[in-house]
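Naming follows writing order (A, B, C, D, E and F), and every chain is counted from residue 1.
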Amino acid sequence: MAKLMVVFRTAPYGAIYSFEGLENVLIMGAYDQDVSVLFIDDGVLAIKKGMDNSGTGIKDFSPTFRALEAYDIEKIFIDRTSMESRGLTLEDLVIQAEVIEADAVEKMMEEQKNFFMF
Amino acid sequence: MKLGLLIMEGPYQHEASDSAYQFAKAALAKGHEILRVFFYQDGVLNATKLMEPQADDRHIQKQWSALATENNVEFIVCVAAAKRRGINDTVVAEGFKIGGLGMLTELAIEADRLVEFRA
Amino acid sequence: MLHLINKSPFESMALEDCLKYASKGSAIMLYEDGIYAALAGSSLEGRMSGVASDYKVYVLKEDLQLRGIDKLIAGVTEVDYAGFVDLVGEHKTASW
Amino acid sequence: MKLGLLIMEGPYQHEASDSAYQFAKAALAKGHEILRVFFYQDGVLNATKLMEPQADDRHIQKQWSALATENNVEFIVCVAAAKRRGINDTVVAEGFKIGGLGMLTELAIEADRLVEFRA
Amino acid sequence: MAKLMVVFRTAPYGAIYSFEGLENVLIMGAYDQDVSVLFIDDGVLAIKKGMDNSGTGIKDFSPTFRALEAYDIEKIFIDRTSMESRGLTLEDLVIQAEVIEADAVEKMMEEQKNFFMF
Amino acid sequence: MLHLINKSPFESMALEDCLKYASKGSAIMLYEDGIYAALAGSSLEGRMSGVASDYKVYVLKEDLQLRGIDKLIAGVTEVDYAGFVDLVGEHKTASW
């Protein structure tokens, strides 16, 4: 079982990185590997509650994030400073995430066999 | 007012094309005239009829094509930008026409406002 | 002049670049990822409150809703696409 | 080492695809093995054979196709990303194959290093 | 004769904005209008001397900038602070440009019938 | 760890974001528009000199040449694509 990680670091919708990154996470869930997901920088905005696409027709991927658990993706981490500097708390998020400090991020990357950044 | 729109990013990758589409709809609803929508840079990728998004997602090319034909708005896809990105007459969808970059200068001369949608 | 900002202020210098040139009282329209500049409670709130008092700052409602952002700093005005079109009618526009 | 490359941007618009190509050439010259090049997001646009850049510019698709066939490197274009951007079997150039996103996970499992080229 | 302007504000090569922006300027030169060109922010890097594409094969567009005069594009401006903060002087540039101050930029935009930003 | 930075430091926060997480001594590879972080005489020179003493900073020769940049701040190491490949062989890589 390989340790693999997906890092979300860009804001949602303005660019497709987080949406297609999420599609990648779902597929990884089917491979029975040790998968982690990490939200840093603007990536924390991708799991904000209350998204409503009725004004734009752009696909809302919040429900898919909520489905991560069903895909056995349970190691979900969020960087504290990224979250706090954007005025968010854990209660603002559509999924449960474990808060980590900035100095744990690089270590977590080092531990993986490989990782992706979206 | 007489509007010109310049679309510089491709579909799905960036929101620019969605924003331009919503802006165009709102402008037409208010009775403004859109002289031309010019697709430049990766914007030319909006014109391909080979696009097949997932069923639960918007179809960006079809949205644009419907807007062009229903409102009789001219859509020009820059030939030089299109050629280097693999867009030519064999894949261009209804409502879009390939044209020269000079039509962007002409638009800037004629439009009261030119609004640029980019990343 | 109407300055259009569509990039996250946490990631891009587009808004700060624009402010180097924009004279006080000019209009700034935040849309797409640019709307995050209007987020209440962020580390940029102090800076952005100053901006909102020096400039006319608008933020696009549809892009706020899409991103689930409902708490805005004081002094910014929410507009929808119809309002965005009106603003363009009133000003020349620069896309940063 | 066994390398995996992930290309996330289209040709010409961003330097990412050029950088990946130069990196791939340098890695092969040093005797490293490239297990797979995976084209995701706008990266799928590198695969179109309709690309026709100006005569004095590099032809990004042909460069890639030559690298794939001469070195027997597998190039996979993500089917989901490709469909929404108008890339399908009718336009995919020599050396590229359309494949599932699972092949990216497999690459991450097998490669010693996965290098991502993006904007 | 309409006043039209092209503003270059992004770094060259990393993205194609400046290259295709330049193609646009050349076409505008054929329309006998009052065309200005303005370099601000990272756009000033697009006219740096000494570009050499031999290591990458990416098309070098320096020679095309040098040809602007031949296309009757003679109103070329550069923002002082953008240039200075990148350690550049007028001697570092492939074309002659008139230096302007930051507070002139918006005014110059306002004076145009329309303008482009690349 | 090798951190890959390909965005201009005058326009993007990518390098500063990366530095929030990178431990001192980690390697940073500047390429594409990222090479401008190594530009001597810029307003970022002071900041970048500090970065170059805390981290191993590499800059891609081919991208420097392409952009006509030849004056670099002290403490950064020029490498070509072959050297870039070697660095990837020595470290896991993160693309910012």
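Note that a residue touches a chain if its C-beta (ideal position, glycine included) is under 8 Å from a C-beta of that chain, and two chains touch if they have at least 3 such contacts.
Computed from a prediction, not measured in an experiment: that's the story for all the values here.
A.B. asks: Using the contact definition given at the top, which chains are in touch with both subunit B and subunit D?
C.D. replies: A, E
A.B. asks: Starting at subunit B, how many touching-chain steps does it take at least to reach subunit F?
C.D. replies: 2
A.B. asks: So using the touch definition from the top, which pair is joined by more C-beta contacts, D-E or D-F?
C.D. replies: D-F
A.B. asks: Averaging each chain's C-alpha atoms to get its centre, pick out the one most distant from subunit A.
C.D. replies: With centres defined by C-alpha atoms, farthest from subunit A sits E.
A.B. asks: Angle of the rotation mapping subunit A onto its copy subunit E, from a C-alpha fit, rounded to a multiple of 5 degrees, please.
C.D. replies: Between subunit A and subunit E the superposing rotation measures out at 180 degrees.
A.B. asks: Please report how many Å separate the Cα centroid of subunit A from that of subunit E, as a whole number.
C.D. replies: 40
A.B. asks: Can you check how far apart subunit C and subunit E are, centre to centre, with Cα atoms defining each centre and the answer in Å?
C.D. replies: 27
A.B. asks: Rounded to a whole Å, what is the gap between the Cα centroids of subunit A and subunit D?
C.D. replies: 25
A.B. asks: What are the residues of subunit D that contact at least two other chains?
C.D. replies: 12-13, 15, 22, 41, 54, 57, 80, 113-114, 116, 118-119 - these are the residues of subunit D that touch more than one other chain.
A.B. asks: Residues touching two or more other chains, restricted to subunit C: which are they?
C.D. replies: In subunit C, residues 6-7, 10-11, 13, 17, 32-33, 62-63, 80-81, 92, 95 touch at least two other chains, as defined above.
A.B. asks: Of all residues in subunit E, which are in touch with two or more distinct other chains?
C.D. replies: Residue numbers touching two or more other chains: 13-16, 41, 55-56, 58, 114-115, 117.
A.B. asks: Okay, what are all the chain pairs that touch?
C.D. replies: All touching pairs, sorted by chain label, are A-B, A-C, A-D, A-F, B-C, B-D, B-E, C-E, C-F, D-E, D-F, E-F.
A.B. asks: Which part of subunit A faces subunit D closely enough to touch in the complex?
C.D. replies: Those residues of subunit A that touch subunit D are 2, 4, 16-17, 20, 23-24, 27-28, 30-31, 33, 113-117.
A.B. asks: Using the touch rule from the top, collect the residues of subunit C that touch subunit E in their complex.
C.D. replies: The touching residues are 1, 13, 17, 20-23, 26, 92, 94-96.
A.B. asks: How about subunit B: which of its residues touch subunit D in the complex?
C.D. replies: 10-13, 41-42, 45, 48-54, 57, 61, 80, 83-88, 90-91
A.B. asks: Which subunit A residues qualify as touching subunit B in the complex?
C.D. replies: For this pair, the touching residues of subunit A are 13-16, 55-59.
A.B. asks: Going by the contact rule at the top, pick out the subunit F residues touching subunit C in the complex.
C.D. replies: Checking each residue of subunit F against subunit C gives 10-14, 17.
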